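Same chain, two partners: subunit A is paired with subunit B first, then with subunit C.
For the complex of A and B:
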C-alpha cells in the first residue's frame, strides 16, 4: 500500500514543472532531495537503531568529490557516480571503526565526523579552494529546463533509495538489522554477523547522500565548506525521518515532505522564526510522537483526547509505558 | 569416541579476578551433562568462553576437531554451537515466530526468510509455543520466555546446546516440563550441557556431572560418583544432602 502511495507521490512531484512555476519546482527539488537523505538515514538510524549524525559528512563529501571531478573535465553524470562510490568507500572504511561505539557515544562520534571532514576540506585549500569554496561548471539550458532536469534526477535518487529500502526491508539484511536494533547481543548469538551488517547499513546510509550532494553541487554551481558540511543539515535529516516514522518504509518521505513544507511556510511568514521550527519539532517529537506520524494510531488518539477532557491523565501514562 | 566439544586448560581472568581457572573436560556426541556449582562459580563465564562472548585468558576450546578459541559469537552459532542466556534475551518488539526465525535464518540452514519461518513454526510447536507464534515476545510469561530461548537456539540446528539456567525461576511442575523437553532434544542427537546452580534439578537427567567451584572443576563423573565425592560434599553439597541422596538412591 505504501509502495503505491510513494509511486503516486513521485509522479505528482514530477508533474510540478508542467503546472507550476520555478518557485514550486525549487520546493519540489528540496522535497525530493531531503526525502532521499532521510531514506538514507533510515538504514542506519531507523532499521539498525544507531543514531547517526553523519549525513552532512556524506553529503558534503559528495558535493566536493562531484565538483572536483567535474572541474577535472568529467561529464556531470560520471562525476555523480564517482561521488557515490567514493562516499560509499569512505563510509565502509569509517564504519569499521565508528560502529564499535554504541548509543550516545556513537551519536557524538558520528557528529565529530562532520566536523573533521569539514576541517580537512577547508584546510586543504590547494585542492578544494578552502574557505573560498569552488565553482562548479553550470548545467546548460534555461533555468526552467535545468530546474526540471534536477528535479527528475533528485526524484530518481529518491526512488532508488526507496527501492533499496523496500528490498532491504524484505531481505535477510533488513531482518538482521532489526534484530541488531532490538538486541545486539542476542543478534550476535543467533548468528548475525553484526559488524558486517552494521557496516552495510552505514554504507547504504551514505551512498545516496553522496549522490545527492554531487547533484546538488551541479545544481547550485557553487559550494563551500560551511554550506556543504552544515550541522543544521545533519540534525534536520534524522528529525525528518523520526517525524514520519523511523524504520518504516515511507516514513522518511512523509517526514521530509511535511518538514520542508512547514519550513517553507515559516520562512515565508515569520522569517526570524525559521530556525525555531526545528526546535519545536524536536521537542514535539520527543514528547508526543515517539513513533512518528505513520505510527500514530489515529483512532486511539481521538479516543484519548475525548477521555482526557473528562477524566484524569492516567490513560496517557499507560500509553507511554507501552511504548517504552 | 572423541569428544565433540573439548576444553583444555581453559582460564579467564577479569582484571585480577580469576573467574575460571584451568578447566578441562570433553562432551561426547549425544551426551547430556550437568554443570553445577553455586552462584559465582564461573558457570556463565564458561559458557561465554565457549561461545566467543569472552576471549580466553588461557587454554583451548576444540569443537569438532577445530580450535575455535578465537571465534566470535555469531561464528559459534553458525558452527552449531548454540546457547541460551541465563537472563533471557528476546527481540522484544518482534513476534515469537520472528524471534525464532532469526535463529533459523542466521544460525541455521534456512535459505530465506520464508524457509526460516517454516522451520521456526516447527520448533515453536515442539516447545509448546505454537499457539502464541504471532504474539509479541515481550508479552510472554517467564516460563514461556525460557521456552522461546530454547526454540530460538533449536532453530539454529545446533549439534551442541549449552543451556544456562533454563530452569531458574520456574516452579516444580514447570521444571518437570522443561526437563522432559530437554530429554526430547537430547533424543534428536543434540549434545547438551545443562547448567544449574541446584544439583537436584539436573540429577535426574544428567548422565554425567561436572562441578565447578570458585572457577575450578572439582569433580567430573557419574551423578553417584559426584555426590559421594568428598571435595564436592565439603565445598558445595554439605553433608546433609549426601546423606539424603544415599538414602533415596
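For the complex of A and C:
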C-alpha cells in the first residue's frame, strides 16, 4: 500500500520538469534530497531508536569528497561513488566508537562529530579551501537540462533509500534493530549481535547522506564549511522523519515533503520570521503529533470532525429556531 | 609568549567557561534534558545587560542580578509550560523541543536586537606584572564568574530548594514519595539554569562582544565542559571549565586558535568513550 503510494509519488515528482518551470523543479529536487536524508536517518533514529544528529557530518563529508574528486579530474558519477564509499567507511569506523554510547551521551557525541568535521575541513585550508569554500565543476547543459538531470538523480537516490528501507524492514536486520529499540540488553541476551546491527544501521544512515551531499555539491557548484556542516540541517532531518512518523516506511518521505513545502512557503512570505515559524512547527509537532502524520487515525479524526460539525449544525438550527 | 601569560589567559577563560556550563550541567544532571536553549539564554543575558547599560548608564554589575532574575523567570515559565510536559520522554523528543524553542528565541533576538556585536565598555585599564598583562575587566569577569559558581554551590549544599534538587537528581520517585513536588523542582532547576546562563551572558558582555551568531559556540562550550568535568555537580563544571580554558589557551598558542577549538571537541569525544562520567562526575545519570 505505502510502497505503491511512494512509487506513484516518485513518478509524479519526476514529471515536474515536463509540466512546470525551473522554480518548481528546484523545489522537487529539495523534496527528493531531504526525503533521501530523512529515510537515511530513519535507519538509526527510527528503527534503532538512537538519537543521531550526525546527518550534517555525513552530508558535508559527501559534499567535500565529491567536490575534491571532481576537482581532481574525475567524472561526476565516479566522484559520487567515491563519496558514498568514503562516507560509509567513515561511518563504520566512527560507529564502532560512538555507538558504545547511549541516550544523551550518544546525542551529544553525534552533534560533536558535526562540529569536529566542520572545524577540520575549515582549518585544513590547503586541501579544502578553508572558509573560502570550493568551486565544483559545473555540469554541462542548459539550466533546465541540468535541473532535470539532478532531479532524476536525487529521485533515484531517494528510491534507493526507500528500497533499502523496505528490505531492512522485512529482514532479520530490521527485526533486530526494532529489538534494540525496545530493549537493547534483552536483545543482546536473546542473541541479537547488537554491535554489528547498530553499526550496520549507522552505515546505512550515512551512505545515502554521503551520496546526496556529493550530488548536491555538483548541483550548486560551490560549497563551504558552514553551509555543508550546518547544525540546522542536522536537526531538521530528524524533525522531518518525526513529522512523518519515525520507524515507518513512508513516514520520512511524507515528513520531508510537507516540511520542505512549509519551509518554502514561510521563506517566501515571512522571510524575517521563518526561523521562529519553523520553531513553532517543531513545538507543535512534539506536543500534538508525537507519532507523526502517518500515525494519526484519520478515520477517527473524520468521525470526530463530522460529529462536531453536526453538533454545530444542530446548535445553529436550534438558535435559528429560537430567534424565529 | 610567556608561560605565565598563557596559563593566566587559560584560567580567566576557564572561569568564564565554568560559568557558561554550570547551568547546562545542572539541567542535564537533574532533568535529564539537553538544553539547546542554553546558548541563546547566554546571549539574551548579554544583550539585556548591554541595552540596559546603554540606555540608563547603570553600572553593569548592578544590572547583573536583575538580568539573572529575568532569565530565571523566562526559564521557569518555559519549563512549566512546555518542557515539563515531555520531561520523561526520550532524549530525541526533549532535545528537539528545546531546539524548536531555541529557534523561536533566536529569531526574536535577531529581529529585536539585530546580530550586531555589542559590548559594554568599562575602560578599566590593564594590570601588568613584569611582562604578564591582565585587563582589569577580564579579572573582574573572572571574579564574578567564580563568585556566582561559589554561590550556586552554597545554594545547592545549604538551602532547602538545593537539597530538594539534589534529591530529585538522585531518585525522582523517592523524592516524590518524600513529599517533594518534582515538577515544581524541575521548573525551578531550569530557571536556575537560565539564571546562570543570563549571569554568564552579562559577564561576557563586559569582556567580549556578544552577538546572536555566538549562541552555537557557547552551546558547544557547555557540551565540552560538561563532558570533561562530569554532570550534575558544581565542582565538576568548575574543573571542566578550567581544564577547557587551559587546554584552549595552550593549544591556541602552540597549534593556532582555530585548531584549539577542535582539540577541545576531540578531547570531549575521547572522554565520552573512555570515561563518560567525566573527570569528577557521578555515575548513573545517562
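Assume the second predicted complex is superposed on the first by the 298 of 324 C-alpha atoms of A that agree within 3 Å, B and C clash if a C-alpha of one lies under 4 Å from a C-alpha of the other, contacts with A are read in each partner's own complex, and residues count from 1 in each chain.
Rule of thumb we're sticking to: contacts are C-beta pairs under 8 Å (C-beta built on N, C-alpha and C of every residue); 3 or more make two chains touch, one makes a residue touch a chain.
Treat the numbers as computed from the prediction; the structure is a model and nothing was measured.
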Message: Looking at A:19, would you say it contacts subunit B, subunit C, both, or neither? Reply first, second, both or neither.
response: neither
Field: Broader residue contact with subunit A after superposition on the shared chain, subunit B or subunit C
entry: C
Message: Quick one: is A:235 in contact with subunit B, with subunit C, with both, or with neither? Answer first, second, both or neither.
response: second
- prompt: Of the two partner chains, subunit B (first) and subunit C (second), which one does A:287 touch, if any: first, second, both, or neither?
  reply: second
- prompt: If you stack the two complexes on chain A, which partner ends up touching A:189: first (subunit B), second (subunit C), both, or neither?
  reply: first
Task: Look at A:98 in the shared chain and tell me whether it touches subunit B only, subunit C only, both, or neither; answer first, second, both or neither.
output: second
- prompt: So, A:279: does it touch subunit B (first), subunit C (second), both, or neither?
  reply: second
Touched partner set for A:115, first subunit B, second subunit C, both or neither: second
Query: Touch check for A:45: first (subunit B), second (subunit C), both, or neither?
result: second
Message: Quick check on the complex: what are the subunit B residues that touch subunit A?
response: 51, 53, 72-74, 77-78, 83, 85, 89-94, 98, 101-103, 105-108, 112-113, 152-153, 156
- prompt: For subunit A, which residues are in contact with subunit B within the complex?
  reply: 170-172, 175-176, 178-179, 182-183, 185-194
Statement: In their shared complex, subunit C is touched by residues of subunit A numbered 45, 49, 51, 53, 97-98, 100-105, 107-109, 111-113, 115-116, 119-120, 122-123, 231, 235, 238-239, 242, 272-276, 278-283, 285-287, 290
- request: Spell out the part of subunit C that touches subunit A in their complex, as residue ranges.
  value: 28, 32, 34, 82, 85-86, 90-93, 95-97, 99-104, 106-108, 110-111, 216, 220, 223-224, 227, 256, 258-259, 261-262, 265-266, 268-269, 272-273, 276, 286
